[in-house]
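Listed below are the structures to be examined.
Presented sequentially are two complexes of chain A, the first with chain B as partner and the second with chain C.
What follows is the complex of A and B.
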């Protein structure tokens, strides 16, 4: 039986992992879509409003997720007109506008928030959702569609020349991002039981971006690694509470200066070096490495580089 | 009404200066410095602390300029230079992280993050200096106009400005022609720091109080102006800032105040959707 603190830590960790994964997917296509917090807001508020109107969670949750997907698809269409930094700013502006709509108009509790939401989630449910999402993400990374998305990010013109449809792919990444934000939003609403519009602001986006960057923006397990390192572990270091954001920012800058690919890229490179060094000579060597060795110039680095991947 | 509108113009000039700082760095280096708002906030606090210690606004102004230029230069030398070759997303997040560190540093070290403001007599004297009828802050408008003229001349005719435009357009070619590209990047950051220093003075004098979190909204306004009015023409940025300031003042005067921020964001999104290349179709 988990303590309430551990229960909250794990549930929030899963929510942040889902959100980080939602940012990771568009980044595969170099698509700076950053309105994920706004999609999460839509999912949270729509599912919570339905539950408060008498719907069971089993029906309200899919509606919340669907609302997030529709919003993401619409915002994804924006990416067809606006690119790079302007897209990042426009998408953040959309997210802020959604939050300000609730705060300014007073709907769904307005600035006071939406309370009285019946609880329907805990750490066990969160972990099951996370497991399903990670399996889905792992499957997606193996598909041709994912390779097409990555190709689009590398060079849109070449991707188009190879027959990939950028419009379809951008819409797809938007929809997938919306799906993950929808799951995160519904999980969040089902756990916290009170929705504060201030949670869905710019500072939450920065928080999630930190996890993405530290873990590795373009690696499948990057979001999970980032959250595990920066959210779950420090959860047990309460003395850091006041300095948490300073520490996170410092870690982000350090990681970016060492390797912009994040911790997962560093781990990957380290693993490659270890396996390359551990591989015995004579296994998987090329003719060139045999030639170098036969000439008396045994150069471990050269033979390691000559090995087939 | 005149008083409210003149305040709107002064606030709009504040947005314009932030936008100019963003634009000049973008032109030279190709990225948006997301910590520009926080640098402006730190400059505002520098004015507050300098006035608190010395009692003189002139010292505060000097302190603000110095802090702005040094902070931006330090940011370029220590951090940005090392990650300048990384992708746009990494640079975006790095500058956001720098901004967050600055906000937290101010929150933890000055007045426990609670709002601060200049002494009432200093603030009123500054606002009423060279005022006419109900139009306040004329000296601020003239100072910003003077700065804009200077920077426009430097960008068009000065060697530094020419080098900056060359590096922004084609850094490899500029390097071949002997332009010291890292130094140009540093110069651009220093100029942006100067603009941040001016902004800090306006923040300290015109805003009722300063908090460490004042920068978020300012940054969005600055970014909106840059995206809508472009990066190539300082007068477009000034015009945009003043327009935005007047729109907000009008909403406060005649419209629903609680919708002020929402209307601003809706305008930003609408213009970006309808004119993605910007109002003056200048390069982004």
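What follows is the complex of A and C.
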């Protein structure tokens, strides 16, 4: 059985990974949609409100996720008219407006927050959700649609020329982002049992963005690696006391200086080197082709078509 | 005669090093067993740092005092403060780490963090005491394991306001308040109620946001009604900016800074002493002239150690360490007994607390919130506070 500390580390780690993944997906399309914290707020509050009204979590959770998806789709429509930096600002503003609405109007607890939410999540539940999400992401990254999204991010005009529909793709990434935010929001509400509107603010967005950037914004495992390092690391730096944040910042800077692609880029390069060094003779490589190379007469076409020995 | 030469073989060196290591480890282990670690969750960084650092410094001074008096149950006390970065999720994981390892955790952190930490303390059946939890609801909703030695701010406000109005002969008051902070919002409601009981006109309530950095528009709006009294209800880092903006605008209105707003360390940047003319605060801690001997000694020691005047949160964090020493002497604090029975003893002790602390009489209510006196104080300077009225808690 997990200790309470491990339970909390893992559950919060999963929440932040889901949020980091929710930011990562639009970034594949160079789509600066940054309302994810607002979508998480919607999911958290809507599911918590339903549970407090007597609904079971099994019914309230999907409603919370759906609310987040709908919000993301609506905000995604904004992205069809606004791009790049203005889109980033506008989407952050929408997120802040949602938070301030709760704080100013007093709805759903207002500034005092929403308390008394029954606990319904733990590390085991979180890991199951994360596993499902990562499998889904892995599948998505293999699809043609994902390649189209990446192509859109590289050059929208070329992507259009190749027949990709930017409107459909942008809406799709928005919806996927909303789905992940919804899962994170519901999990968060079910674990912490108290919702403070101040949590769903700009500082949380920056906190999660750091995970994405350090982990690697363009790779599937980037968010997971970023969270694994930067969420777990501070706990082990407590012996540094007041210099803890200096060390934390130094680690972040070091990683980005070594490779701006982040941890996942570093991991990918390391994996390539390891597998290249360890690769046995196999498909496409025969003793004959090695002999040809060693004699200095490289015939790439011949070696590529050789059958395994 | 053969000259005897003392040689050291490699084997001797290795054996000596190993022996040193073993003795060192054993000695260290013995040292660790002799000392007693008290865990605290503090906001040392981010926006909660002004409060968290003040409380941590108070706890550290308390630890020094207690160790100088023989420690707790004959053991040297070591304070372990863990930074939550003013973030609730980090506060929660800290409590999850400490909760199973000890039977009391000090909450030297923000109310917004404690709101999520408190349910965890209850779940783990660990006594959690905050020296500055100003939102009584947090404690009340998370009984029986969560306590605060900080009194409900709104209880002292009505009498404090009446004293202020009478002394300054006010007729028109404006309130500038952070409406995005739950604690200050409660204070504002208490101010409104208090003002309604007087003949003073409430000119305006000007809202500000926690992240605001430009106070000119808010101050201009507050001064429009030409008030002769202004209440500044915000966190200390903003209260300083608002206060300076009011004085920079040329206003000589009397300013009232409730408990959360006036933290001496934050106001050190106000270099012009005349800015404090007609400035008051209501505090739950007063260490100036007329205070008890031990209270004044605490203030002197704190000033010597930190170079600043302590506030209520520092004082109560200091007091908590003394309280644990007192509880240990009464057989209620058993650090090595992590059973529910052992923990419940400390809980029961706190529930029945009725104590002449160095800072005045402290009585714990059945709701887990302390009852204490309030002090209306005239601020002549950051280090020059004068008591004008005491309101019984």
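Throughout what follows, the second predicted complex is superposed on the first by the 245 of 309 C-alpha atoms of A that agree within 3 Å, B and C clash if a C-alpha of one lies under 4 Å from a C-alpha of the other, contacts with A are read in each partner's own complex, and residues count from 1 in each chain.
Operating definition for what follows: a contact is a pair of C-beta atoms (placed from the backbone, for glycine too) under 8 Å apart; a residue touches a chain by one contact, two chains touch by 3 or more.
Bear in mind the structure is a predicted one, so any value in this text is a computation, not a measurement.
Asker: Classify the contacts of A:172 with the two partner chains as first (chain B alone), second (chain C alone), both, or neither.
Answerer: neither
Asker: Applying the document's definition of touch, where does A:5 land relative to chain B and chain C: first, second, both, or neither?
Answerer: second
Asker: Which partner does A:198 reach: the first (chain B), the second (chain C), both, or neither?
Answerer: After superposition on chain A, A:198 lies in contact with chain C alone.
Asker: Can A:104 be said to touch chain B (first), chain C (second), both, or neither?
Answerer: both
Asker: By the touch definition at the top of the document, which applies to A:115: first (chain B), second (chain C), both, or neither?
Answerer: It touches chain C, and chain B stays clear.
Asker: Taking the superposition on A as described, I'd like to know which of chain B and chain C A:129 touches: first, second, both or neither.
Answerer: Neither partner.
Asker: Is chain A touched at more residues by chain B or by chain C?
Answerer: Partner with more touched residues of chain A: B.
Asker: For A:245 in the superposed arrangement: first (chain B), second (chain C), both or neither?
Answerer: In the superposition, A:245 contacts both chain B and chain C.
Asker: A:93 contacts which: chain B (first), chain C (second), both, neither?
Answerer: A:93 sits against chain B, while chain C stays out of touch.
Asker: Could you tell me which stretches of chain A are touched by chain B in one complex and by chain C in the other?
Answerer: 100, 104, 242, 245
Asker: Residues of chain B touching chain A in their complex?
Answerer: 31-32, 79, 82-83, 86-90, 92-94, 96-98, 100-101, 103-105, 108, 216, 220, 223-224, 227, 256, 258-259, 261-262, 265-266, 268-269, 272-273, 276, 284
Asker: So in the complex, which bits of chain A are touching chain C?
Answerer: Touch residues, chain A against chain C: 3-5, 7-9, 12, 15, 100, 103-104, 111-113, 115-116, 192-194, 196, 198-199, 203, 207, 234-235, 238, 242, 244-245.
Asker: Using the touch rule from the top, collect the residues of chain A that touch chain B in their complex.
Answerer: For this pair, the touching residues of chain A are 27, 30, 32, 78, 81-82, 84-86, 88-90, 92-94, 96-97, 100-101, 104, 202, 206, 209-210, 212-213, 217, 242-243, 245-246, 248-250, 252-253, 256-257, 260.
Asker: If we count contacts the way the header does, which residues on chain C are in touch with chain A in the complex?
Answerer: Those in contact with chain A are residues 44-46, 82-83, 85, 87-90, 92-93, 96-97, 99-100, 112, 115-116, 119-120, 123-124, 135, 137, 141, 179-182, 185, 210.
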